[in-house]
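The two complexes that follow have chain A in common; it is paired with chain B in the first and with chain C in the second.
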Partner chain A sequence: MKTQNSPSKRAIAAALSLLALLPLTRGSARPATAGAEGSPISTIVRFENFGEKDGLPSHKVHSVLRAKDGRLWLGTNNGLCLREADGRFRTYGTKDGLSHPTVLGIAEDTRTGDLWLATMQGLTRMSGGKLTAFTQTNSGLPNNVVYGVSVIGDTVWAATAAGTGALDLKNNSWKIYDQSNSAMNEPWCYSVAQGDGVVYLGVWAGGVVEFDPRTGLFKAYRDPDGDFQIQLTPDSGPVVDVTSGVAYDAGILWQSTYFGLSRYDTSRATWRTWVQDKSPLLSNFINTVFAHGKVAWLATDRGASVTDGTNWVNYSVDENGRGIVRTYRPGEETQVRTMTTALADGFVTAIWADDHEAWIATSNGLSHGIFAGPSGSPAVASNP
Partner chain B sequence: MSHGSRNLFAWLLLAALADASGIPDVKLGLVAPPSEANAVSFQRGVQLAVANANEAGEAQVALEVRSQDGQWGSSGNDAVQLVSDLRADAIISPSDGATNHLILQVSGRTQVPVASLCSDSSVTSTGVIWAVRVVPRTDQEAEALFASASRPDQSAPTWWAVVPKGRPGRAVRHDLEVAARVTGTHLEQILDALEAKTDPEAQVHLIVAAAPDGVLTWLAPLQAGKLAAALRAAGYKGQLAGPSPLDSPEFFSAAGSAADGVRITLFRVDPDFRSRAEGFEGQFRKRFDSTPDFAATAAYDAARVLIEALRRGKQDAGYRQFPVTLPVAGAKGDLHFDNLGNRTDALQVMTCKQGCFIPLLAGETKS
Partner chain C sequence: MKLKRVLLPASLLALVGTGATFGGFTGLRAHERLRSGLPKLALVSCTHCHQRSLKTLPWAKPRRHHDAPDGMAVSPDGKTLFIALNDRDEVVEADVASLSVKRRAKVPGGPFGLALDTAGKRLFVACRNQDTVSVIDTAGLKVVASISVGIRPTDIAYCQTPSGERLVVPNSGSNDISVLSVLPLLELTRSAAGREPYAVSVSTDGRRAHIANRMAVHDQVLSQPASEVTVLDPSTGHIVNRVELPSAHMAEGVTEVPARGWVLSSMIRVRNLVPITQVKDGWVMSTGIAITREDGEATQIPLDEANAYFSDPSGIVASPDGKRAYVASGGADVVTVLDLDRLGAWLARSGEPERSDAIENMALSYRYVSARIPTGRNPQHLALSPDGSRLFVSERLDDRVLVVDTSSLKPVGRIVLGNGGLDDPVRLGERVFTNSRYTFQGQFSCRSCHPDGHVDGLSYDFDGAGVGDNLLANRSLCGVAGTEPFKWNGKNPTLQYQDGPRFARVLMRTDQIPEPQLDQLATFITHLPPTRTLPWSRVGQPLTPSEERGRKLFFATQRTDGTPIPVGRQCQTCHRPPLFTDRLLTSVGTRGAQDTTDVFDTPHLIGVGAMAPYLHDGRAKTLEEIWTTYQRDDLHGVSSYWSKQQLNDLVEYLKTI
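This part shows the complex of A and B:
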């Protein structure tokens, strides 16, 4: 499905979406609208899906970012992809200077508009439409397998398979942080996120490492019980040490893992953890996490799970391919509804979201989640 | 035509086209750097499994091997090359723990299944759903070995262990300590193996002087064999035991007569599968003019699991076939896995007699 529907088609789709908000099984009949019921979580009422037939270079999408100028960028299995203003997709590949076709992460330097791309064989900068590759051999990048990237002030942070590389853009110099000079237990970095004045590194088998560039000090947050199957000491640290992703916003650090979710409230220095058997968490297997305000968007193997730690909205695909949304609020019965549209695939790899829309990368296409408007009607898509 | 019939038709058409074009149904990648003690056995085991699958017409299977040593982290690059450039559908990872984690990281982001030949418990505690381990976990092996030993006065035996230096040793140490805690075993000392230049004899004399009831030589086959020989030559009379890969020619050769009485664990061979095991051993001997050791057998099984899982799920992405819930026909029996990808098949304590490992009989458990 493409976004270039006629107004009448959009109206029909909107009406169908409203019908779909009627309860499927149990719970109240009121529509789930964005924040209207006291929940800070915006609710998706409709998905628009895109695949190779729509111009994506691969059905496998690994990363998604809407840049400050409104342009949508996708990291796929077969190149970097830009969604043009007319809705068409334009692909940048190795022939254009991309260091490897598989783009796992995208970060923007919001001061310059430059993009930094984490690929499976190097880091690539896109500046003024020109792509420049940084590898182990031509730069101080610690390893060519780059899983995550973040631009924090004048420094580009690259999470690699053999440590985190920090490129100082002012003097073009690199520093490498690994188990030999930091609080990392292992050098296998998987994710990096900007905190308030600090950097958070998601380390595979090393929990979360916090680095304060002002003091040069590291602090490791590790699973206190060291057990990956049983939570002997819940809410006292990361759920496990194998971190699949980290994200930070509004004073909250989120850690995604393949065994559940952790949240660290930096102002209170308190941890909370969730596992699927003891919470509404859709699945313990969380590929990545995206933070917007105090809300976390979780890319799981069974769909997208959205939470502020109290309220939850889960989007999944049932065995008949129908979209299912489950809403959980404290003290209320769980609401389960069908949608007229479904995620492109239940295996979600990455998410970008703001107050107006969500873009959901899956292993079989891209989904655009359209939120309910203030009155409960679907908001009009705001794509460029 | 129903949806299912259309899928079947499409699959048959694709299979016929792939067959005609020589495109394999399944492409396996093997990472086996020469620094791996069992690299040759791994390659042979996988090659036989691939050949058998192709000869049986089960599927068109191709194999890509990455066998270069490199700097720290290069195994991740190998995995990327296998998955991205060579289009491997699944990877067999070797026995080194760090290499496994580098491969699992790639697997986690690309959903390419992995069959691991590493016994570190940390491999299946990463949570990668599409990863299985075909060898026993170190803690499982040690538990069985600890349980097989006893003292005449029924008090708990004391054990020492010698493990590799550095990260590999750290992982083994962790798992042995877990096994000791679970079984209530007194694991008195865990020593890092000394290199030749730092006087390993002093370490041998230290062990002999302490005279623990048992010593775990948790090292690669060659090093374990040398240590066993040195301990016996220095007069150590206690029980020697080690990991499954000691079932190898390198160990027997290095240990010499000191191999006799050394205990390891192997997956129990069900009598019903004896003919299958003999058939596998015969095929291996015919192809490579040698007896399949533990590493070759495990590598064969790793390839079997991946071929079977990918074959079963040909219409769908390979990772969706995991966890493996159905038994898979292995070299010497059916392989079963739990939700974390660990083997659930029973381990049996074996003892070395005249150059081969045979089941430890009841009543032989005194150390």
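This part shows the complex of A and C:
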């Protein structure tokens, strides 16, 4: 639901949001503002929500990306969606050339401005407004079920149900990496992320596979205990092998799973793992992870969880539909507050965030997370 | 007794001879059938399998080079004309006043497109043959820098942007566009274009580059094809729009029109879905101009007149004041002059239906065509002096540049670069190939469907059974020497036969090409080398591991598990190297609903990576589709045991042939 649609309403909501920052239950009176206490985690003070009545083609949003030019793109259950400058949504479907209406992932080639779309039936390129489909029958794509996509240099990486395909854009040639020629133990790939000179592949039951294009060598990071129900050896490798997503930024690799979260500090070659019973992690069931700086944004089945590994901010929806934010800092009591607005839905599927805002895709609409400004006031939302 | 002594050995000898002949004949047929995998094969020449070396083919032998002018650029003061001589690996500096050649510079790689910087101090050269852009210091007329780009760059444009100087280069062979910075000379981006991006024009403010893509493509074989004008921001290298031009084909020229917000691109309006019996009605191919506005709306207008066609429009330039445009028609030896004020007035008073139907209205062009300037042979490239007073026309097959005074529209002379090569039969054949005088009302030339001798990427309705929904894919003429017979039904034993009386009657709708010219045409075609599909830097290099795996798959005699592959279902049997064809008719399970036969001529595969679409009716848009979508019962080679990785490997190998 879109809660703010006029300047006056926004002002009122901003004031209410400030009030909402006051602690209602436990914790200190310190406002949870972006970086105010030295925390690298920006805090959302309110949400603007969007659904089908606002023009989204489906209530299910699977992927979200704010492109380099500022345009917001959504992958939904019923097409690719662009939020226009005037705030209206424009949908591209199969009649426009999209290979399948369900868009699971979006990646931008920042050099050319092209978008690459992972769909349930092929990979689609959007270039200059034109959609071109790449399928397993008309191209070297390994499989039509494409879960994730990433553009790294001159290569488009497509994580598919039958391995990861790498399309060399300069030579128009495909390579397939699967269990037959890499360190994967199975071909089911969910996610691809760019590391520093390496590529990380999230393999469904194979942990994380690191590929170095310079040497052509693979390295698999696997759960040391090999068990997804118990953690015999925490902080010594991926929490489990069942990888739902990988993300990398600032030297940190994050692995999301349906059984917890893992972080790999590449400079120290150390692992850290979290499960919900032993940490502030909102839920073990994490659909995807988005990395921004040293912070991970986790899309879970119970809301959005944000962490740098030390501090945590969790956004959820209570049984009355109210937005709840819980803030955890080492050595401090947990702060729990009720927000004036809530996530569109607690089942979060994907997140995109930067220092100024967060866009949160859910199974029942899209949420725009507006951060607190430097002084603790809500930042002004802007959607070019 | 004496007679007996003679008869007995003679009889024995005859018997042995007969037996040997019969046995040899039987053995020969058995050998042929075994090796071809065709159990009913009649006795054919041994050369179907035992082929001659490629080195003996006409296209592989040394040939004459000529001074054909290609891209041109005029200095800011209008006094100097730079001319690219692709076939000579040279750039010429000519004095406009005296119409004389001042200097020649060796520029390796086949210079084709030229652009000058604002001050005229640096000349940028797109070198088509070796995939490079070179920078020439105009003072010394020497190459001072060079960089690799995509495959077969055909044009280049220079502009200044907020991000600095930029060069935009359409790479016709790799279907992409390179954006380069000048200082330093670096490739910043390479973006996907349409098919065969061929010409580029940048706006004077450097805000937009428009790239004309030569070939139209279609989604399905029976759907209307379309080409595109790719719009790019030179500052960022981002593609900002792709303007679709339905049924527009062979766009080889593009120009911005100052002060009007228009982009004009030359085009052939192709109607490949219409039976070619309609040639006499002007229904198969006509020529036109596409006007693309800033908002992306495009209008196609005819260049032709009723019963008068100006085939193969190519180079196009607009005057600095935006009042005129000039279009070279390479097949008609004419430059057409467009009055853009009159065209603008027509556009302003025409509604959308009138504009969308304009291209079909041959009575329209008189409204904006103000003159037709006759030229020498095969004008393709145009250049205009900065003040618009001089028009330069490359008369390619005369080795000359025509200079026209634009105030009088009269020639002021010619810059002579060579002798025209009249003593070279290949050159004479190219004149036949590129000229439309041999077709009904000059509607098209051989080049209209075979740009550079290659395919045009379309399938045509040749009036076969099932007129209207039974198309045949165009086939490349490049590397065709030695692969006879021709035509998909394999009925034409020679090129002269292929292009002879029947061809004239069915397709050209005229008298046949006279025999001397027909021989010259065949000579030219047999000298067309295969299309290069690899980047120049890869030519002569070892195969990559993927390509090598694909090569082994191509020559495989057994499946991965050791099961033998029948001879007739091995790739190498029908596509036998070095020609990669056995020149026989074979069934690969592709008979369509309207086809009258199962068997089709086996096409050669040299340059196959650039020959899309594939199969006899062009139903396969990519090489992959041959085996993923249109393979049936392993009839087109045993492929059922391949993994997707193996198919990718095979495709990578095929692209190296």
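Please note the rule applied: the second predicted complex is superposed on the first by the 380 of 384 C-alpha atoms of A that agree within 3 Å, B and C clash if a C-alpha of one lies under 4 Å from a C-alpha of the other, contacts with A are read in each partner's own complex, and residues count from 1 in each chain.
Everything below uses one rule, namely that a contact is a pair of C-beta atoms (placed from the backbone, for glycine too) under 8 Å apart; a residue touches a chain by one contact, two chains touch by 3 or more.
Bear in mind the structure is a predicted one, so any value in this text is a computation, not a measurement.
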So in the superposed three-chain picture, is A:Ala162 touching just chain B, just chain C, both, or none of them (first/second/both/neither)? both
A:Lys175 contacts which: chain B (first), chain C (second), both, neither? second
Partner chain(s) touched by A:Gly207 [first = chain B, second = chain C, both, neither]: neither
Which superposed partner A:Arg111 touches (first chain B, second chain C, both, neither): second
Examine A:Gly237 and indicate which partner it touches, taking first as chain B and second as chain C; both and neither are also allowed. neither
First (chain B), second (chain C), both or neither: which does A:Tyr190 touch? first
Do chain B and chain C land on any of the same chain A residues, and which? 142-143, 162
Contacts from chain A onto chain B in the complex sit at residues 62, 100-102, 104, 120-121, 142-145, 147, 160-162, 186-188, 190, 204-205, 228-229, 240, 242, 244, 257-259, 284-285, 287, 301, 347, 363
Which bits of chain B are touching chain A when the two form their complex? 72-73, 76-77, 80, 84, 101-102, 104-106, 108-111, 122, 125-129, 317, 340
Complex interface listing, chain A residues touching chain C: 69, 111-114, 125, 127-130, 136-140, 142-143, 154, 162, 169-176, 178, 180-181
If we count contacts the way the header does, which residues on chain C are in touch with chain A in the complex? 150, 174-176, 188-192, 228, 230-231, 236-242, 244, 535, 546, 621-622, 624-625, 628-629, 643-645, 647-648, 651-652, 655
